[in-house]
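Chains: A, B, C and D, in written order; residue numbering restarts at 1 for each.
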Amino acid sequence: MTNPWTDIKNTDLVIVMGGNAAEAHPCGFKWVTEAKAHRGAKLIVVDPRFTRTASVADYYAPIRPGSDIVFLMAAINWMIQNDKVQWEYVRNYTNAALIVKDEFGWQDGLFSGYDPEKRDYDKSSWDYVIGDDGFAAIDMTLENPRCVWNLLKDHVSRYTPELVEQVCGTPKDRFLKIVQMIGECSATDKAMTSMYALGWTQHSKGAQNIRGMAMLQLILGNIGVRGGGMNALRGHSNIQGLTDIGLMSNLIPGYLNIPTEKEADWTTYMSSRQFKPLRPGQTSYWQNYPKFMVSFMKSMWGSAATAENDWAYDWLPKLDVPAYDVLRMFELMNAGQITNYFCQGFNPILAFPNRGKVTAALSKLKLLVTMDPLETETAHFWENHGEYNDVDTASIQTEVIELPTTSFAEDDGSLVNSGRWLQWHWAAGTPPGQAQRDTWIMAQIFQRVRKLYQDEGGVLPEPILNLTWDYADPLDPTAEELAKEMNGRALADVYDLTDKTKLVAAQGKQLANFGQYRDDGSTMGGCWIFAGCWTEDGNIMARRDNSDPDDTGTYLNWSFSWPMNRRILYNRASADLEGKAWDPARKLIEWNGEKWEGYDVPDISPTAKPGDVGPFIMNQEGMSRLFTRGLMRDGPFPTHMEPFESPIPNVFNEKMVGNPVARVFVSDAEQFGTSDEFPFVATSYRLTEHFHYWTKHNRINAALQPEFFVEISPELAAEKGIAKGGTVRVWSKRGSITAKALVSRRLRPLQCGDKLVHVIGIPLHWGFMGAARKGFGPNSLTPFVGDANIETPEYKAFLVNIEPATTEAVS
Amino acid sequence: MMARRIYSQSGDHIETTAPVTVSRYRGFTRANHWVTAASLIVLLLSGMALFHPSLYFLTALFGGGQVTRWLHPFVGILLFLSFLILFLQLWRLNLPRPEDATWVSHIGDVVRGEEEKLPELGKYNAGQKFIFWGMSALIVVLIGSGVMIWEQYFPQLVSIPVRRVAVLVHSLAAVAIILIFILHVYAAIWTRGTLRAMTRGTVTGGWAWRHHRKWLRELAGREKRDPAE
Amino acid sequence: MTTDPNVDSPRTAVSNPPIQPMKANLGAGDVMRASAMPDLAPPERELTPVAKLIDVSKCIGCKACQSACAEWNDTVPEIEHNVGMYENPHDLTPDMFTLMRFTEYDNPDTGEFEWLIRKDGCMHCADPGCLKACPAPGAIVQYTNGIVDFIHDNCIGCGYCVTGCPFNIPRVSKADHKSYKCTLCSDRVAVGQGPACAKACPTQAIVFGTKEDMLTHAEARVEDLKSRGYDNAGIYDPEGVGGTHVFYVLHHADKPALYSNLPEAPRISPVVEGWKGATKTVGLAAIGLAAVGSILHGLLGRANQVSAAEEHEAEELVERSERDA
Amino acid sequence: MNIDLSRRGFMKLAGAGVAATSLGAMGFGEAEAAEAAHVRAFKLASTTEVRNTCTYCSVACGILIYSKGDVAAGEKAEIVHIEGDADHPTNRGTLCPKGAALKDTVHAQTRLTEPRIRRPGADRFESISWDEALDKIARALKDDRDTNMILQNDAGVTVNRWTTTGFLAASATTNETAWLTYKTVRAMGIVGFDNQARV
C-alpha cells in the first residue's frame, strides 16, 4: 500500500476492484466505513460477484473475470474525453510530456517487437527519444504526437463504453455512472483510493491490471495524497516483510537483484545499475544501489567480503532463467529433477495450481521437510483420504519430515503490514510439546550443515563457512540480534559524505537510517529499507505512541514504517509545484521556503527545492510513468489480454490466446480447456470466515463456515437442474471436485456481446485436515500458468463445467 | 325375558344378603382408579408449582425445579394410559339416559340430599357422568397440549405461536380438571358410604337403594334369574 | 487517537480489559425485575440504561460478532453442513447466542439488488416476555441498566421463556437443560467493558454505550442514510416491548420484515399475557374457592347419609326377588 | 352442631387439598429462596496481558493475549483468551471472525507437538527425535549440494547455483525468521526460493 490503512478515512471515493476488502480485510475496511460516515465518502465495487463489500457499497457493477484492463483503459479514455484530468499533476509529475521513439507502436493486440517463436518482445523500441544532452526529450505543451500523453490518448481511444459492455459484460449505464463518480476526483480537493488484492494479481496479466489503475490514479492526481493511493491489501501477516527481505528466487533484501549469468562479475552487475537521471537535476535514488548492495554483502560474509574479492560476489548464485519461481520448481520436480524440498509454513498442495501435478511432483521427491504449527495437507500428501486425496500411499517413496513450530503467540519479532509498518510483538504462551521457533530450527540446520563441511569438506564450502553468525548462542539466535543485523551497523567510523570530518556513526553503532549506508565496506546492513527500525535509540518497531496530531491518520510515533518511517509514499506529490498542498484540508507536507515539513516524513530530500526536483525520486525521470518503457515484459501500456482459458476470443486478435509473453510449459499447454468443452467461467476467492487453510483447524471458524461449496446463479442452477444445498461436480481439463451448491442472485449471468457468460464462484478454504468438513480447493481445477512478469498463477479466471453430482460427497 | 344388563356391568353383584352389600368395583378397577388418582395428584402439585410463583415451593416435594420439570410430563403420560384403561371399563354405563335429564332438573334436591324426589337411577347419576366425561375430555386436551410444550423432547413440534396457545389451553384445562377433581372428591366424601366403593369395592344395600336403585333392582333381579352368575 | 464523535464512530473499547481482580459492578442489588418473584425488593440504585446499537447499513456480515461471542462465552458451536446458505450455524443455538442472517432483496423502488444482513440475538426488551413467562423464581432477571440476564442456577429448562419471547431467541440446552441467550456480556459490562461482539465488530456497525448516546448516534446514522437515498431509513426500537436495549438502524425501517422477518410490531403475545395474567390469578382463585367452599359446605352443610330405613328397603328388595325365585 | 367421626375424616382429607393454595396465599412461596442474581466472574482477572499482532492478514491488527502464567518471567504460560488491542491505531480493539477466534488456532487439536517422520512407502508418521531429524536433514542437504551444485555454466562463467533443492518460506513468520532463513538459503546457493508473495 502507498498509504496506511488509517489514511483511508481521508478519502472521498473508494473503488474496490480486484479485491474484496470487507471480506478479506474487515478491520482495515473499517476505515472505509469511517470515511463514509464522517466524510460522506462513496464506495464503488466492481466484481464478478455481489460481495460482502458490495453489500455496503453505494454503487456496484458486475464484470467478467479477466477483463479488467478493458474497464480501466475505458475509464482513462473517458477521463481524457471529458477533461477529468489533474493537468498540472499529469504535466509535471508524470512522464506524459516525454517523447517516445517512432518505432514504438501497437496493432492487433500486440506492441512493436513481438517474436511469436520466443513468445517475447524486443523492447528496444519501447523507450524515450534521448537527446544529445543524454536526457529524455520532452514537450511540455503535450502537442508532440509522439509524447507519452498523445500515445496514451490514442492507445485508450479503442476502449469505449460499448467495448466495456461487450467484453466485460458490464452494463454501459453502470460503467458510465462509475466513471462519472471517479471523474469528480480529478479535482485537487477530491481524492479516490484504490483497494485491490489478488483479484488483480492472480491473472496471467496481473501486473498490467494494477498498472491500469495506477495510471488512472496518476491522471486524477491521486498518488501521494492523503485519501488517495494504490493500495494493495496483501495477504499474509508478513507477506510484505518477506517480499521486502526478498525471500524469492531472484531477489536480495530491499528490492535488489540476484545477478544473472550475464552479469559475470561485480562491474558488469553494477554497470546496468547506474540509474543515471533521465531529466536534469533529478534524484534517481537508485544511484545509491552500490551502498545497499555492499552493505548487504558485508552482512552476509563480513570480513570475508572485501573490495578485493568484489564483496564475495562469486558466492552469490547466478540465475540462468528470470527466476526459479514455484511454478518452475514444480515443473522441474515433476520431471524428477528436484531432490529435497522445504515447506516452511507453506501448504503447496492447496496453494499451487493444478493440484494433480503438484501431488505427482511431490511424489518424486527424495525428501520433503515441512515446518508448521499445524498438520498441513502437504505434510500428509501421501496419505489416502478417499476422494479428497486419492493417492496410492505405498507407491510414494518420498520421505517426509514434519517439524513442529511455534505459532505467533509463542515467539517475539516483527511483521510488516501492507501499510509498511514494522510492528514488534512478544511471546505470550509456552509452545506445545516439543514445538520450536523457526529461528531455532534454521540455526540448527545451518550449524549442522556447516559442521559437515568443516569435518568433511565438500563442494564450494566458503560461502557456508564464512557466513556471518556472530550470535550469542549460535544454535538459537534471538529476534533482537537478527533485527539489529537487518537495520545495519557501522563496521568502522562512518563520516558525512559532504563534510568528511563529521562523524555520523561510530564503529559498532547501529545505523540511524540508510542515508548512513556506505559502499566502501564500512557499514553492514541486511535490509537497507528497514534501516531505522533498531537504532541506538533502541527498538523503534516497538513504539506504541498512538497520538495523531490533527487526526491525519499518519501516527508517526506508532512502530516504524519503511522507508525512513515514511507513512505515505510519494507524499511530495501531495503538494503543487510551489510546494503548497493541492488540498489545504488534506495537507501532508509543504515547502516552508527552506525545507519540507508537515505531518509525514518527506519522500524527497528535505531541502530539494519544489520545481527543481520531481516527486518520484526512485525513477530516473523524477516522474511517475504512464509509459513504463521496457520495465514490463508485456507492454509499456496495459493492453487487453484474455485469460488463457476464456469463453470469448480476444476482440483485438482472435488468434491471441492469453498473455502472448506469459511462460507456458509444454505439458501445461496441453491441459488448457476450451469453452465448447468447458462453457463456464470460474473464479476463486476467500470467505471472511476463514483464513486460507489455517482456520479450518479452528473449531469456531469451522462452525462459522463448515463445508466446501461453490456459488452459482439461479439461472445456471435452473439450466443444470441444481438444487440449493445440493451436491455438484465441477471439473476442468485438470481435475474434478464435488461441492455443495449455493445458489444466489449475487451472481448474475453476463451478456458479453452475443454470448451469455455464467460465472461459478469457488472459495478456497477446505482440505482434508483440520476441524472443518473435508473438501476441495479451486487449485484442483486451475491452470498451471502465471503472470508474464512475476509468475503469479492465474486463479481468478479459468474454464470449468458443472453438473449435479450423482453421489453425495461424504464428509 | 332377556339377560342383558342395562344398568350394571358384569362383575357387579349382590355379595351378602343380610345385611345386603353390593359389589360395585372389582379389585383391578380399584387399583386402576387409585393409580390414576395418585398421578393426578402428583400432576396437580407439580403443575401448580410451575403455574403460580407462590406455589413454586411445591417443587421441593419432588426435589427441585429441574426434577419437577421432567417429572410432570412423564406422570402425565402415566395418567393418560391409566385413565384410558379406566375409561374402557366405565364408558358404557356413563352414556346418558333419559332419567339423567330429570335428575339434572332436580339438582336442588340433589344438593339438599332429598333423593326421594329424584328418579330411580342406574349405576351412575348425571353428576358422576359429568365428572367422567369431563375428566376424559380434559385429559385428552391436557396430553395434547402438554406434548406441544414438552421442551425436552418436542421443542420443534409446533410453531411458537401455536405453543403459546397450547400453554394457555393446558393451564385452562388444568384449572378445569382440578375443579372437577375437587367436585369428585368432595361428592365422594359428602355422599357417605361412597368411599368404600373404591376402597373395599362394596357398598351397602341401603346406599345402592338410595342412590342407584335401578342398578340394585337389576342386580337383585339377576340373582334369581341366573343364579349361575 | 481521537475520540471526537464527529471525527469518529463511538468507540466500544475505549480502554483494554482490566486484569487485576475487581468487584463486579452489577449484582443482586441492581435487579429491578426477576421472574416469578412478584414481591422482589426494589433495587438499591438506578444504573444508567445501556444499549447496543446494530447499524445494519454498516454491517458487512463478517460474523466477527459470532466468533467473539463464542470465544468470550466459551461456547463451541456445532460444525454443521452447508445447506446452500451463509447462515452458520443455521440458527441460534444454546452455544451460539448471536447469528448473522442474510437476505437477498431486489429493491423495486431503485431496481438495485441489496444484500441485507442482520445480526440476530436477544434484544434485551424493557418489557421482557421471557421474564414474564418464566415460572422459576430469579431464573431471569432484569438489571436497572436494562440488561436481561438468565441466572442458570435457577433455570429449570421448561422452555416457557421460548414461549414468552416475541423475537424467538432463547434456546434450551439438551446437555444441561438450561436456557441460553445473549447476556449482553453482563460480566464485561460489570467491569466497565463493552460486549465482546461490539468490541470486535470491525466496522463498528455494533456499538455499545448509554441508550441515550446510542440513540443520538443512531439518528446521525439515519441522516447519513437518507442522504444516500434511503428515504425510509430509521431506528428500530419497538415500543410494543417498551423499547429494547439492543436496537437497530435499518435502511428500510418501514419494512423490518425484509431483514429475515424482524417483527413489524413486536409485543408480548396476548396469549402469553392471558396465560400469565388472568388465567393465573383467576384460575388459582377458582381452585382456592372450590376447595375452601367444599370444606365449608362439608363443615356446615348436612352430609348425604343413608338411613336405616333405606337399608331395610334394600333387604326387602333382595328377599323379594329371592322369594320369587 | 355435632361433628361425627366421618366428618373429622373428611377434614383430614380436605386439609391436604387446601394446604397448597392457602400456604401459597400466606406467602410461603418465598420459603424457596432463589439463587441471588449474579454475573459471571470476569475471566481475565489475574491473567498476564501480552501485546501481539494478529497472525492472519496484513492489516496486522493489534491483539492482547491473556495467559495464566508469564513467559517473560520464565513461567509456563497457558493462553486463556485473545482479544483486540483498543490502543492500536488500525483496528482499535476490533477483530474479524478469524482474529476473534485466534485462541482456538493456538489450541487447535491439530497443533503439532513433536517431530515426525514418514518413511518411503509408509502409511503413517512415526516419532523422531529433534537431533535425528535435524541430522538427517543436514546430511540430505550436503549430499545433494555436493552432487548437484553448478559451479560454472557451459560458457565457463562462475554461477555457483544449486537448483535441485528448493525452499518455500512462510509469509506468516517474523522478519527475523525470514532474515535468518534468507542467510541460510542463500549461503548454500539455493535458487529455488519463494514465499506466498508469489501466489
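In this section, a residue touches a chain if its C-beta (ideal position, glycine included) is under 8 Å from a C-beta of that chain, and two chains touch if they have at least 3 such contacts.
According to UniProt, the chain labels map to these proteins: A, D = Formate dehydrogenase (Quinone-dependent) catalytic subunit; B = Formate dehydrogenase subunit gamma; C = Formate dehydrogenase (Quinone-dependent) iron-sulfur subunit.
Not measured: the values here are computed from a predicted model.
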Which pair, A-D or B-C, has more C-beta contacts? A-D
Chain with minimal offset from the mean of all protein Cα atoms: D
I'd like the Å distance between the centres of chain B and chain D, where a centre is the mean of that chain's Cα atoms. 64
Where the centres are mean C-alpha positions, what is the separation of chain A from chain D, in Å? 29
If you average the CA atoms of chain B and of chain C, how many Å lie between those two points? 41
How many angstrom lie between the centres of chain C and chain D, each centre taken as the mean Cα position? 33
Where chain B touches two or more other chains, by residue: 52-56, 59, 182, 185-186, 189, 192
Touching two or more other chains in chain D are residues 6, 10, 14, 17, 21, 24-25, 27, 29, 32, 48, 66, 82, 87, 89, 91-92, 94-99, 101, 104
Indicate the residues of chain C shared as contacts by at least two other chains. 1, 37, 62-64, 66-67, 70-71, 136-137, 154, 202, 204, 284, 287, 291, 294, 298, 303
Residues of chain A defined as touching chain C within the complex: 22-23, 26-27, 29-30, 33-34, 36-38, 40, 50, 52-56, 58, 60, 546-548, 551, 688-689, 699-709, 723-726, 740-746, 771-773, 811
Note: in the complex, chain D contacts chain A through residues 48, 50-62, 65-67, 69, 71-72, 76-79, 82, 87-92, 94-99, 101-102, 104-106, 108-123, 125, 128, 130, 133-142, 144-146, 148-149, 151, 153, 155, 157-199
Touching residues (chain side chain D, partner chain C) in the complex: 1, 3, 6-7, 10-11, 14, 17-18, 21-22, 24-25, 27, 29-30, 32, 34-49, 64, 66, 81-87, 89, 91-101, 103-104
Given the complex with chain A, which residues does chain C contribute to the contact? 1-2, 4, 6-9, 57-64, 66-67, 70-71, 76-86, 88-89, 96, 104, 106, 112-117, 202-205, 221, 224, 227-228
Residues of chain C touching chain B in the complex: 36-38, 135-137, 154, 156-160, 162-163, 165, 168, 172, 177, 269, 271-272, 274-275, 279-280, 283-284, 286-287, 290-291, 294, 297-298, 301-308, 310-315, 317-322, 324-325
